[in-house]
Structures are given as C-alpha cells and as structure tokens.
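In order of appearance the chains are A, B, C, D and E, and numbering begins at 1 in each one.
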C-alpha cells in the first residue's frame, strides 16, 4: 500500500506527483454543461482546456480522466483556481478519503473499488471532486468512466440531477460509488461462501492461503471505505452555502447506506476469522480420522504379527509346533483376537 | 446480505424498488379505526385504498402487508402523503433499523426476526411504520401478521392501547417485536446448548460447521438488533409533539429491554467462541487418547516381535536354539518385558 | 437466561408477572420502624399488610420476601403507591440492574449473587428497593434474608444506620450486596486456581468442559454486575432531595468498590482465556511426548526387525548363514545400531 | 486478589480494618520537619505520636510504616483530623489507586510494586498520602522505606524539595514510585525475553505454565498501574489551592511517564500472547519433525520387511529360493527401493 | 525498551541524563541563518556555541547532533534559555513523542525510525525541537543528519521554507520525518510479504520466530508513531502566535498522512496475526499429509506382512504350504488386497 509513496520522500510539500501505478495513454477531458432546460456535452483535447468557459446560468461538470501527466493536471487545476496543496491531493492516490472546505469550494476525495474474484484482489481507483457554486470538477485515475450511470441520468430533463445544484450532483456521484461498493462486497461475500462450501467438502491445497489473502484484501477494503463515514458525516453537517437545505435528506440517506456497508465489512472480518477456525477444526478432525485408521490397523495386526513371529522361531523344542491341529488352533485364536478388537473399536466409534 | 442490493445500482436515489426475496401473492390492507369508545375493523382491497378516510376523532391504524408490488405501495404511500425518499426506505428491506422525523411525522423501520432451529437460519422481515398525530401506517414484508398480539389488545376497551395516542401504539408495536426477539434468542440459545451437550458426548460430523453457521447467523442477528438501540434511544429523546409525556416511561422501559437483548447477543458471541475452543480442545484430547493407544500397542509389541524375529533367523549356529528350554525361557523374558512396559504405562496414566 | 421471558410475550406492558423459577411457600413481610432513639421490629402476615402505618418521625423499612404471588405483591405495592410499571419491574427477575427516579421516590433493582463451587453455577436473586423520604421498601426473590447483616447493625443505637435517613440505608443495603460479590468472586477465583493446578499435574477428563462452563457463568456474573456501575454512578450523581449531602462520600466509596469488582470480573475473562491456551498447550506438549516415545521405539526396532527378517529368509544360498559366528556378528551389528540411535535421540533430547 | 476482602463482609462502612497479609512487628513513625533553611529528622515511638506538633513555618512530613495495628493507625489519623472513611481507605490495601479532595486536604492512594524473577510474582505495597497546606502524612504497608530516595534529597538544602510546598513533595513521592515501576517492568521484560530465548532453543517442561503465570501477574500489574493515569490526571487538573502553579509542569511530566508505563504494560500483554502463539507453533513444528522421522523410517522399512517376510515363508515350492543368486538379487532390489525412497524424501525436504 | 531508564531512578526530576545507548564521538553544532534573500551556513565547535547570535531579521536554525555529553547539551540549552525540565526531555530518549507550549516557545519531541531488514529490528532516534518566533533549535541523537532533505531545500531561495517562519520550518521537519516513516513501513511490509511467500512454498526453521519478532518490533513502531497523532493534532489546534494562519492547511495535510500511517501500522498487526494463523494452518496441513503417507504405507503393508508371517511359521502341519501353487495363490491374494486398499485410498483422496 505504502509502496509508491517512497517516490515523494524528500520533496517539498505541495509537489504534484502521481503516486499510483496505473498506465494511462492520454488524459481525457469531458465537459458537461446543463441546466433544467438545456444540456451540452463535449470532449476536449487535453491541450485545449483553456477554451472551457464556465457560464453562471449552467451547471458545469468538467471530468478529467487519467492522472499520470501531472503537469497537465496541474495546469488544468490552476486554470480552475485550485489551491496548490489540493493539486497534490488530487494525484496522490494513497490519500485517505477526505472532505475539506476551502475558499468557497468543497474538496472531496474517495476510492472506487472493484474486486477480482479470480486473483482475489481489490482494485482501487482514486477520485477527487471539487465543487463550487456552479461548477463541479472530477478527477478519475483511469480513462474508464466511473460515473456513467449518473451521466446517463443527466440526459433525462425530468431527473433530479438536472434540476438541482452541484451539491446534489456531488451527492449523486458519491451515491453511485457507494452503490458500487455493494457489488464489490457481494463478490467478496461470494468468494467467502465458496470457500465455506469447499472446506466442508474437501480441503484442496488452495484454500488456506486464500483465507489469508482475503483477510489482507479486506484490510484494503476497510482502509478505503471506513474513512467515508467521516467524509459523508462532514458533508451532511457542513453549513457551506453551496449545500442546499433540501439536499440534506439525501445525504443522510447516503450516510445510512455507508454505515451499513462498513458494518458488512466488519462482519466479513468476523466471518473470515470464523472460517479460519473452521478450516483448522476441519484439519484436526481429518487428522483424527487418519490417526484412528492407522491406530485401528496397527492395534489389530501388530499383536497378530507378533504371534505369527513366535511360531516362526527355530527353537529345537517348541511343543505347540508338533500338535497336529496347532496351526488351526492358532488361526482360531487370532480370529477371536481380531473380532474382540473390532468390537472394541466399534464401541469407541472408530469404525 | 448485500446480495439483492445490486438491483438498484445505477438507479436514481428515491427509486421505489423492492429489494427482498419474499414471494407475496397479493397486498392486504387492513384498517383499524378506534378511540376509547368505538372500534372499527375492516379489510380493504388493494385497489380501493382511496376510500380510506382518516377521521380526527379516531386513531387510524392502516396496516399494509406485502411489499413486492411497489407501484401499489407507492400509490398508497403517496395517497397518505409520504415523502418519496421514505417510500424508497419502506420497500428497501436491507435498510438498517432507523428512526427519522419529517414533516410532523415519525418514520421508523425495524426487523422482525425468527430462528429456524433445523436449518440454523435467521429469517428477517422488514417493517416500516409512519406515525402522525392521529394515524399510524405499518408496512410488513409478508402477509402473515406480526402484530396480532397488539391488535387483540385493542379489542379490549379498557386496555391502554385504546386510551392513548399513536405514540403509545408505536411503542406497543416495538414492544411486541422486542418480546419476539426474546423467543428468537431463546431458540438460538437452545441450539448452542444442544451443541455443547453433543460435544462432550460424541463428536459427530455435523457439529463443527454448525458452530461456524451459528456465528454467521449471529452476525445477522446483531446487524438487525444492534441499531435498535439507537432507534429507541432517539424515540425516547425526541421532543416531537406526537410523543406524549406519559409515554416516555414506557419507552425507557423498552430501552432497558433492548439493551438487555443486545447484551445477550454479545454474550452469544463469546459463548460460540468458547464453544469453538471447547471443540478444538475436545478434538485434541481425543487425538491424544488415540495416539496413546497406538503408542502403547507399538511400544509393547515392536520389541517383542523383534525378539521373535531374532530366533526366526536361519543361521547355522545359534546356540540358544539348541537349549531344551530355550523357547520357554524366551517366552518368560517376553512376558517380563510385557509386564514392565505395562507398569511403565500405568504410571504414565495411559491406561 | 432469556428463557422465562417467553411467559410474557404478547401481554400488555405493565403486566405484573413473576418471570423467575424460584419456589416460594409464602410471602413474608417484615416491618422495621426506627429512629435514633427507638426501634420496633415485627413480622406481618401477608394478608394484614393494610395494617402497616408509616410514621413521619420514624424510618420505616418494609421488607417483602418471596415474589411468586404477584397478586399479593401488586396489592402491597399499590397500597404503598408504587407506579404500575415499577410493579412489573419488581417481579421481572430478568431486568438488568437499574436506577430510576419517579414521583419523589427512587427505585433501584439489582442482583444478589452466589457461586456454587461443585456445580460451577452462579445463582442470582433479584432485589428491588424503593425509597421515599421516610420509608424504604425492599422486595427479595426468596424467603432467605439477604440483608441480615444490615438489619443487625440497626439494633445498635450508635450505628450510623440508625442516625441517618433512607438514603444511607439504601447505601448500606447496596454496600452489603457488593461485599457479598467479593465472596462470590473469591469462590470463582478458587475454582480457576484449582483448575490451573490440575492442568499442570494431570489432565483428567473433567477439566476441558469446566473452563467452558466457567466462561459461561462468567457471562452471567458480568451481566449482573456490570450494569451496577451505572446504577451507583446515577445514585451518586442524583440531585434528588432524598439523598443527603453527607451520604455522597459513602456512595463514592461504594462506586470505587464496584469498579474494582468489575475489573476483577474482566480479569477473570483474561485468566480463563489464558487457561484455555495453557490447556491446549499442555495437550500439545503431552502429545509431543507420546509421539516422541512412539518414534523412538519405532525408529530403533523397525530397522533391527528388518535385519532379523533378512536372515530369516529361506534362500538356498545365503553365505552369511553358514559362517560360524554369523549370528554373533549380526547381534553385534544390531547392538551398535541400537547404541548409535540411542545417542542420536539423546542429542535430540527425546530421552 | 479479592481474597482478604472477605474479612470485612458484614461490617459497617468506615470500619478501619487491615485487609492485607503482611507481617509487621511494630509501627514506625518518622517525622521530618524542614523549610529552606532548617531540617529536623526524628523517629517517634508509636505511643508518643501526640507529641508531634506541626509548625506553620515548616513542611511537616509524618511517615507511618506498618498498617496492621489499625487502632494505632486510627488514633494517629484521628489526631491529625483525618475523616473516618479515609481512615478505612488507608488500611484497605485492596483499594484501587485513588485521588480525593476533602476539607482542605488531598488524599491519594497508590501501590508500590516489585517483581520477583524467581517466583514470577508481583508484590504490591499499599501507600496512602494525605497532604494539607504545610503537612504531608504517608502511610506505608511495611516497615521498609519506599521513599528513601526522596528523603535523601531533602538533606540537600539546594534541592527543589526543600524549597517547594507539600504539593511538590507529593509529586516527588509519586515520581519516585513511577521510577520504580520502570525497574519492575524491566525485570518483567527480562523474564519474557528469557522465555523467548528458551523457546527457540529447547522446550523444557517449565515454560508453558510460565507464560500463563506471567499473564496472571500482568493482570495484577495492570490493575495496580492503570488507575494511576486517572489519579495523576486528577492531580494535574485539580484547582485546589494546595497545588501551586509552578508544580503543574512537573505533574504533567509525570503524567507522560505514567502513560508510557501503561503503554508498556499493554504491550507486554501483546508480547505474551505472541509468545504463547510462538510456543504452540514451535510445538507443532517439533511434532512435525518427529512425525516426519517416524514416517521416513516406517515408509522405508515396512515394505522392505514385507519383502523379507515373503521369502521367509515355508511354502514347499517357491522358485526364487532355489536360484543361486536369489538372495543377492533380492538384496539388490531392496537397496534400489531404499535409494528411491530416500530420493523421494529428499525432494519432499524431510531430510 | 524501559531498560535504560533504570539509570535515572532516585534522581531528582529535571536531572539532565542521557538515557539512550548510541555512541557519539563528539557533538556537532550546525547553524543555518536565512531569510528570503540571504542564507548563511556554518558549523561551530561545541565549545564555541556562545558565539552564536540570533538576529531578528533572520530565521536561525541551530542543529545539535549527539546527546551523550549532557553537560554540553545543558550549557547550550541554558544559553538559549530552555527551561530545565525541557532540558531533561531533550536527552531522555525514552520519552513519548510530545507537544508542549512554554514561555513563548513550542517544544516538540518525536522519533526518527528505520528498519533493518536483515536483523528485523527497528532503530529509533530521538529528536527534540524548540521553536520561538525567529529561531528553531533541533537536537538529534546521532551525528548523522535526519534533516538533510529539508536543509537542501533551504538552499533554493524560491522554496517555501525560505519565505515562511519557524512554524513552517517545524512543519517541514515533521513532514520529512513522516515521509521517512513511509519508507520504514515499506520495508516492514516487504519482510511480511517475503514471509508470506516462504510459508506457501516451504517452511524453513527461521520463519516462526520471525513472525514473533516482527510482532515485537511492530509494538516499538506503534509506540513511536501512535503518539504523533496527538502531537500533530495539538500542533494544528494550537493558537500560539508563532504559528501563522497559512501554515494550518499544511499541518492538516500532515495530520492526514499521520493517520494513514497509524492505520497502516494497525493493519500490519492484523496481517501478522493472520500470517501466524496461516503458518499454523500450513503446519497442520503438512502434518496431515505426512500422517496420510504414514497411514497409507502402514495400512497397506502391515496386513500383508502379517500374512507372510503366517506362512513363515514352523508348524508341522500347515496344509497350504504343501500345495504346489500355494505360494503363487498367496501372492495373488496379496496383490488383490494391495489393489483394493489403493482404490480405497484413492477414493479418500490420500493419493
């Protein structure tokens, strides 16, 4: 997690350095300008961002995807009058989710999450959002659009997004991210349940490090999601004029969902611990079975083999060897011993 | 838990979507109208809800059972002037128990719980209640009536339910739910105690995953019950005019019961962990016994078999083989060895 | 714990129902009337309680023992003007310890505890106390008197109990209960230490479920004692006029004792967990010893037996068998092998 | 811990009863009277305490060592006007460390600790201190002087103790106690590290119960030290006129040290848990090694012995037995099998 | 950790004693004097510190490296008017990170950390900083310079460090320390991941005590880092006039980083616990495999050897021995038994 941070050691605070590891071909700038009546949608080349003009009668949503070219990010941010320290936060993908208010602007960072069920790894994408009275700027770490669902809704002139301000738009973005968390947790839970099923059936070599890996990824999940509680709590308690009164009920609803998600993450931890216990118990149980079989066979045949060994000795005078039915008597004795031991083990429920 | 939430991903906030998995044939609407003197009881078809009229001299309790037909729910809720966001909460069965105050109304959601001792699974039913000065609307997830006990009490004109307002009725509903929690926990506890008894007697294959499954279900129980503490705490601290002064003593009593229930749930967690430890200890103990038996038999017979092997060799000159009583002397030596080893094990308390 | 609560499900709140399981023959009413100068002591038949008159110049302590006849309890309570909801709390033995102030009265419930060292079970007795300016009513679950020590002290006209008000008397009752907790914890600790000693010596079959049972009983102890912290904290912070200024220093002292007791209960939990670990470690250690012995014997004799087997074969041409001293040479080789293996194990500290 | 408390059950609150178990021959009273210029040092017989006079121009430090003769303690305390309830606290050695303010006096109790590395037990000594404007009275449980270091410093007329008031003297006493805690913890840590070293080398019988015993003693340490945080916090926040402004910076420093000590105690707990895990892991690891050896020998020799057994049979017609080189061919086959199995185990890294 | 503290026991508070264990040849004094325009850099011999003059138009940064010669430290500190108690804190390397405000000065202590991946040990270096309006004094425990990166930045006249006051310089120092924490944690994490990889591959003897040692070192890390949260929180909330308004945004950023670091440290704890579980599971799993092999070989060959033993007996009349094909029939029977057992084990998935 901390790995890429090393890059920045020794630099002055406020240095705009991309700390992530995602490959990006080129920055995409997308500009959406709308009010209740009209909507304009355009994609701008990264060198032409100076042409973007914000109009007071519209809500302007400028969406920048890709963070590697920090000089471009920095120029765009400066163009839109973003404080230098915030510029650092925009591209520092290791920053915890955060909510800050500065100079008539609200600055929010959070993580989009996805879970890959085959590699059992959580992928995080850093997102930074700045809202002002009539404009909202989003920075996404990769070129794929996390906010497609919200963007689609803006197309509908009757939707709430079109009628409300930037505060509602910010809420809608956060809401769509939290909705995606549900999917991520779902997939996580499916993997847990899959392991559960496998443990009861058969213990393949794979399982035991799987639980460990899931525990590790859960720490990543928790680190990314837990601070959101404070972010949204600050959002809801903020008395910033950008946030309108009638948006608060929505934020509060979002807050409830966030707490529910954090609850789930916490319960996964308990689940994984319990799963680890189950795995160990299952191993012990299986070992017990193996040991019982070994003991069963040993306890039955070791004394019998000893008896056979006795009459295999070459002493010149062993009277039993001369008896005509000596062999058959011994076989009978051995059979009785065998049966007695079987009954003994039957009683001990080893068979 | 989070599974069905996926349905709503990408939708606008406030979408009224049923997120549960219960099959419902048809919505039932039940209308109870009473004051201290009179009581009227009627069942209304789902299409005729417009005919319901609330009268200021009466307490109106409208009970809607079944949540799948969200359009009907939405129409009814709109008819009774329920805020759209609350409509979403009514049918979102994954919402945590919650207490909200809006526009002269109090909105409460909670879960009814039952525990199936054979499948070891907790069943949850979502309930939403809206109270205003003279009316109370309840939404239950299934057609079976959770509030039968309370309804019966309304038949008695001397009962407190008849004389008090909607605040007391809400209290009575919550109280009956919490009473049911006691039964659920009872059944849960019985299963735990049953496992305890089984572990000390015999360890059948079933037990070990049972503890794990109980732990999982306990997480469900905890998630459903724990937020109730805050719900009832908010209820008791609310200064809403709907809540009358003399109801507070009842709510406080309810609050004490809720805390007691949460205490119990927490103690089950400790119990199950202790049970897991007991199970592992019991397994280790049993393995020890098995190993002791194996070692006992091996340590006694392996050296004896070796001795028999020695005199089974075909060397041309083995003087002992020629002694007349060689065989009997050897048998005597073997017997002594046998006795010495037995005493040794007796001292080690392996027998 | 929750078991008997089922009785009340479906009943209206405020129903006076005994939820315990103690057999009581008959309710005993005891009336103690005293001031600094005089003291009157009388036992009243349960039907004659109407004759009890409270006199303003005296402190009246009415002690009712036995709770099963709830109609009698209810009549007496009503006679002394106890609120109906409090009447429910008096006989609801599953209620958590509680402190409430109502109508110029203070209502306190708590548990008397005892620990049976042979059955390893904690016994709880429910106690409810109501104090007013000049009267104190106590309700005990069984006929045996928990407050004998306090009662004895009232006989001494120089004792503080005689000179102070009902607030001091309540403090004295709580103080005697807390004193008894020390004895209960003592006995609990003795059992823990007894198990400790046994584990290091020998692991009898009994121990492992004992630890589990103690953990369970500890949960009962904790549930009964932990809420007392809040009860006494509320008692000490109350600005009720019944509580005189000079009693506060005593309550504060009591509070310190209660915290000390809760600390002890918490430390027992750690002790039992550590004991469980010790038990498992001891089992593993013992298994190791057993395995070492088995391995020792097997590793020494299996190769030797193999050698004996070689020369027990019936091949027509085995040159060694013809050597005159073949047998003795082989015995020598076997002895060397034996000694070498012994040295090997000695070095590995298996012997 | 709670053991000796039983003594007091049933007694009236405020009874001055020694609850400890230390044997004391005789109470020693030591009187130190000093100001910046003069210092007087005298030891007074326990019957002559009435002769002690406090002079307003001096700081009087009266040090009483030994607590068993509670009547003497009580008389002395009464002579110096100590509240009866505080008298109880002075000799109740099971009291948690505490800070109280009464009647122009500050009353502090705490524990002096030492750790015996051979018996692995923590020894506690109870100390009570009362300070007023110009006098300080200390009560120590045994005759050995815990405050020698501070007393020595008073001999130096340039030392801060001589120039400041009783508040600074109290601070100096607490500071010397906390300094001693460092030594106690040091010894505790040395024992932990000693066990660590032993576990990696060899697992003697002693270790496993040692960890358990250390855990138990750590609970005693924690119980004695943890409340000191609150004591010193109260001391530093007190606005009592006895405490001078310029003493606060020293108390704050002491507070930092106390927190550091509590941190250490907490980390020992983690260390001991980790040590327990290490011990179990080491046991499992060793068992694994033992099992591997057993399996190695068994898997190699059991099949070989079987082969030898085959040709030891007495069938009248076994063709191989007649071959001239049959014996040598079999030896060759056995050797090949032996080598193959060795290679197999080498690959599995069992050798 | 507490080890060296013993040195100070019995000394008066405020004694300036070096409690660390670092060897230092000689104290180095470095003086940096700069404002936005000019910068002067000089190294002064430890005896000539009196020559250092602070000029009000400049920011003076006096950096003292090496702490063993406490008399020199004390003289320097006294020369710069540092309170005696703070002098004690400067050289007491066991002090927790701390933030104090005294006499127009801010006093901060913290730890520089590094992690040695070969010895698995965390090295701590104590640092103390005092800032006043125009001067900043740093005390480092060793001669190596921790603040090289910041010093380099002062060379650049356009850097923020040059333009701002001592508050920003203090921030820059803390920031560089926190940056270094990231590297330390990185190395720690690499070791954890290295162990993870090794466990899944092969369990060498080294690993198991490695996890324990990492847990111990993590406690050191935590103790050094955790208090920084409060230090920086106090720094950010301070209303001291030394701290300028525009520095707060930087401190807040630093605070976020600190919390992120503490989060990481906490997650390492979970990781190590999970790793311990994985290690134990892996051991059990491996033991299971070993036991399965042992059981496989034993269960197959013990009965066969018994059969061979039977026909190795020397009874005078064993009819089977006379059959011409008796030997081959027996071999056939043995082979069938062998195949049946193989199939049995194949089904049990032991092969």
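Just so we're on the same page, a contact is a pair of C-beta atoms (placed from the backbone, for glycine too) under 8 Å apart; a residue touches a chain by one contact, two chains touch by 3 or more.
Just so we're clear, the structure is a prediction, and the values are computed from it rather than from any experiment.
Chains that count as touching both chain B and chain C, per the definition above, do not exist in this structure. Both copies, chain D and chain E, contribute mostly unmatched positions to the interface they share, with under half of the numbers common to the two. Centres computed as Cα averages put chain C at a distance of 26 Å from chain D. Distance between chain centres (mean CA atoms), chain B to chain E: 42 Å. Within chain C, contacts with two or more other chains are made by residues 280, 284, 287, 291, 294, 298, 302, 305, 309, 312-314, 318. Following neighbour contacts from chain C out to chain D and onward until the ring closes gives C, D, E, A, B.
Taken together, the chain B residues at the contact with chain C in this complex read 149, 152-153, 159-161, 171-172, 175-176, 179-180, 182-183, 185-186, 189, 196, 199-200, 249-250, 252-254, 256, 259-261, 263-264, 267, 270-271, 274-275, 277-278, 280-282, 284-285, 287-288, 291-292, 294-295, 298-299, 302-303, 305-306, 309-310, 312-318, 349-350.
In the complex of the two chains, the chain B residues touching chain A come out as 1-3, 5-6, 8-10, 12-14, 83, 85, 88-89, 94-96, 98, 100, 102, 202-203, 208-209, 211-212, 215-216, 219, 222-223, 276, 279-280, 283-284, 286-287, 290-291, 293-294, 297-298, 301-302, 304-305, 308-309, 311-314, 318, 320-327, 330-331.
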